[in-house]
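Take a look at the structures below.
Next, two complexes with subunit A in common: one pairs it with subunit B, the other with subunit C.
Up next is the complex of A and B:
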């Protein structure tokens, strides 16, 4: 037996299209997850005790169940309550919601890391709550939330592979299909692994760059 | 007769089962310096924080220049709207024990932020005014340093400049020198002396008995959440002694004596 990558690489345009879908869902899903997570953490911080407790439950559920089960429920279970979604809408939604639960926890830790006195000082000079969030809390927590945020983005990238199981035409589904057609399963898997790894390294490198710039700012 | 700058009426404060302040009433006249002294845990910082509505009194009211702070006057004791609270609180400048400078901004950024965001000034105008305040506390050359690059005394002077930038008529100081090395307290106290000489209304929670005696027009002595004395330094430090006050002052005198040996 010998490896023959040529038969896989011959389908490069298809692979690239799958890669495009993966990157699109990854970037859009991660951004949506981070924004949603930040909104949830902010509501929990400023919304009073009932809101805090109420929002804790969905976060616990989302963090306590496998992502695969969540997207199956969303895609195959949705129609039972009249929710019929295109595979890739379900996939994007799934990634966003799943990621939001984790980003909510990351930003909650971020809020907690800012000394209460810094907020009191801002209140005493008359800043409004929104001004305190944007001018004091967010910049102060930025350096702290950056590493776990990048880490979460990397995890979400790898989770997008599971979207192949609800027929989203992303990279894993595309390359596996090519592997089946060409009887080159293992070659397909090796190429998949390499591409994901390259993307993860790229994300980590961008993350380190962002961190370095941030720490320079807050010297 | 004009309103007192600050009027505290029957303020009590409870944290859970602990009674921290017990029915405290006092008035601060405009242009005077009141020093709150007392052993740790006596409630003096809590009282100051209630006076700035950083802490909510369990009962009682605070008035700043005749206007209620935190709760509305009248029956029901309703919370003020955030906008109303900000308006009344804008008369107060607050200085904290831990400085509480924002670490991601330079000294100039710390002082000019509220001028821009609250007063709506343009960058150039805000920074020019902030620069004047920094000059006043002797830190013009440090304007572009971040808090982490400044000594404790310098950080506290920036914090004072930040509070002064908004032209408050009243300044609160919560143990402003307690977090400083002894050799750095002087520079902060001298800035405060200058302010007092300019006629700023000040309330100072402090362990610096010397400062209280020389700058304070009124000394308030708290013990166990009760206001035992609120009088001129002459009366508090000399005249008929209360046992708790005597004991408290003795520990300071002992320490002074021990240093001379």
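Up next is the complex of A and C:
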């Protein structure tokens, strides 16, 4: 038994292109998820009781089912109701919707953390709802929602690996393909694991940096 | 979508529950050992546990499973897919649970450990009999949370060939061309299992003895 990593590393351009797709889908998906999650949490906060209850159901379903089942349902089940999506689109959509459910909960906790007195005071001095959200609620909850948001972003990075199972040409799929072409499957997977590991640690480090700067800013 | 298909999914969900339960428990034992290594005061043990935790939390579970599944035969170990699935899931959850337990271990009042040592407990004894029970009690909600995460993550063990709920859904959807109702049903079964686990977790949390006061 001998391992030959050179045959995999010879395919570096392909690996990098897969890495590019992974990062692109991750960043775009996380941003979309965070924005969608914020919108949902805001609707739940200000939309009255019926909206709050109505939006809770899809959140619970998305958080209670595996991401893999969700993307299979979207990608393989979608065509049966006329929703024929490219793997790319299905993957991005899947990550965004799945992540949105978690971000909605993060922002909900954020909204709850702001003392009601602050909002009442803002209403008394005549601030509009939008002003209250942007000038009072968001800055006050920023410090609290930051760590779970970063944590969720890292989780989403790892979830993008599952998109290989619906044939999105991201890093896992690309490197696996290289591994089988070169008859060096284990080597390919070792390199794949190391790249993810580095990427996740990098994301964690950037997250800690952002947190530190934010807490300095608000101190 | 017939009752026959649904009952096949239900049957397969027993495998999901079995694999998840075994993995969570094995992972918990490994997590306690990892915590012990981290607090042992031995630098090598500390670094080793740290690397283990960082690696298994830093690599997607899918990649871990594929790696274990393909690596083991190459180094001469052939295992049934059930064993491979359990090894993969429990290694991964061990890393996450060790991280969860950390807060619990840090929260143990130093006075308790000191009095245990005064009473003649060795370091290992006070770790097993004083620190671990308290850490487990404090982090119990995180354990329930992790159980739900692992139940969902167990859907990935389909890639090592184990027929659990997700793999069964894939097979049925390929043979009946009804992916929509089948994956939706599989999702609902996961949801139902998770709701039950969350409910049991809440009941257990209330039934467990209260936290020691400081």
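In this text, the second predicted complex is superposed on the first by the 219 of 219 C-alpha atoms of A that agree within 3 Å, B and C clash if a C-alpha of one lies under 4 Å from a C-alpha of the other, contacts with A are read in each partner's own complex, and residues count from 1 in each chain.
In this section, a residue touches a chain if its C-beta (ideal position, glycine included) is under 8 Å from a C-beta of that chain, and two chains touch if they have at least 3 such contacts.
Since we're looking at a predicted model, the values are computed, not measured.
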Just checking: does A:123 make contact with subunit B only, subunit C only, both, or neither of them? Give me first, second, both or neither.
first
Report for A:190: first if it touches subunit B alone, second if subunit C alone, otherwise both or neither.
second
Look at A:70 in the shared chain and tell me whether it touches subunit B only, subunit C only, both, or neither; answer first, second, both or neither.
second
In the superposed arrangement, does A:131 touch subunit B (first), subunit C (second), both or neither?
first
Of subunit B and subunit C, which one contacts the greater number of residues in subunit A?
C
Subunit A residues contacted in one complex by subunit B, in the other by subunit C
none
Provide the residue numbers of subunit A that touch subunit B in the complex, in ascending order.
115, 117-118, 120-129, 131, 135-136, 139-140, 142, 217-219
What does subunit C use to touch subunit A in their complex?
54-55, 57-64, 66-67, 70-71, 74-76, 148, 152-156, 158-159, 166, 169-170, 173, 178-180, 183-184, 186-188, 190-191, 194-195
Within the complex, subunit C is touched by subunit A residues 1, 60-61, 64-70, 72-73, 76-77, 80-81, 158-162, 164-165, 172, 176, 185-186, 189-190, 192-193, 196-197, 200-201
Considering only the defined contacts, which subunit B positions touch subunit A in the complex?
52, 54, 82, 86, 89-90, 92-94, 96, 98, 100-104, 113-114, 117-118, 146, 148-149, 159, 162-163, 165-166
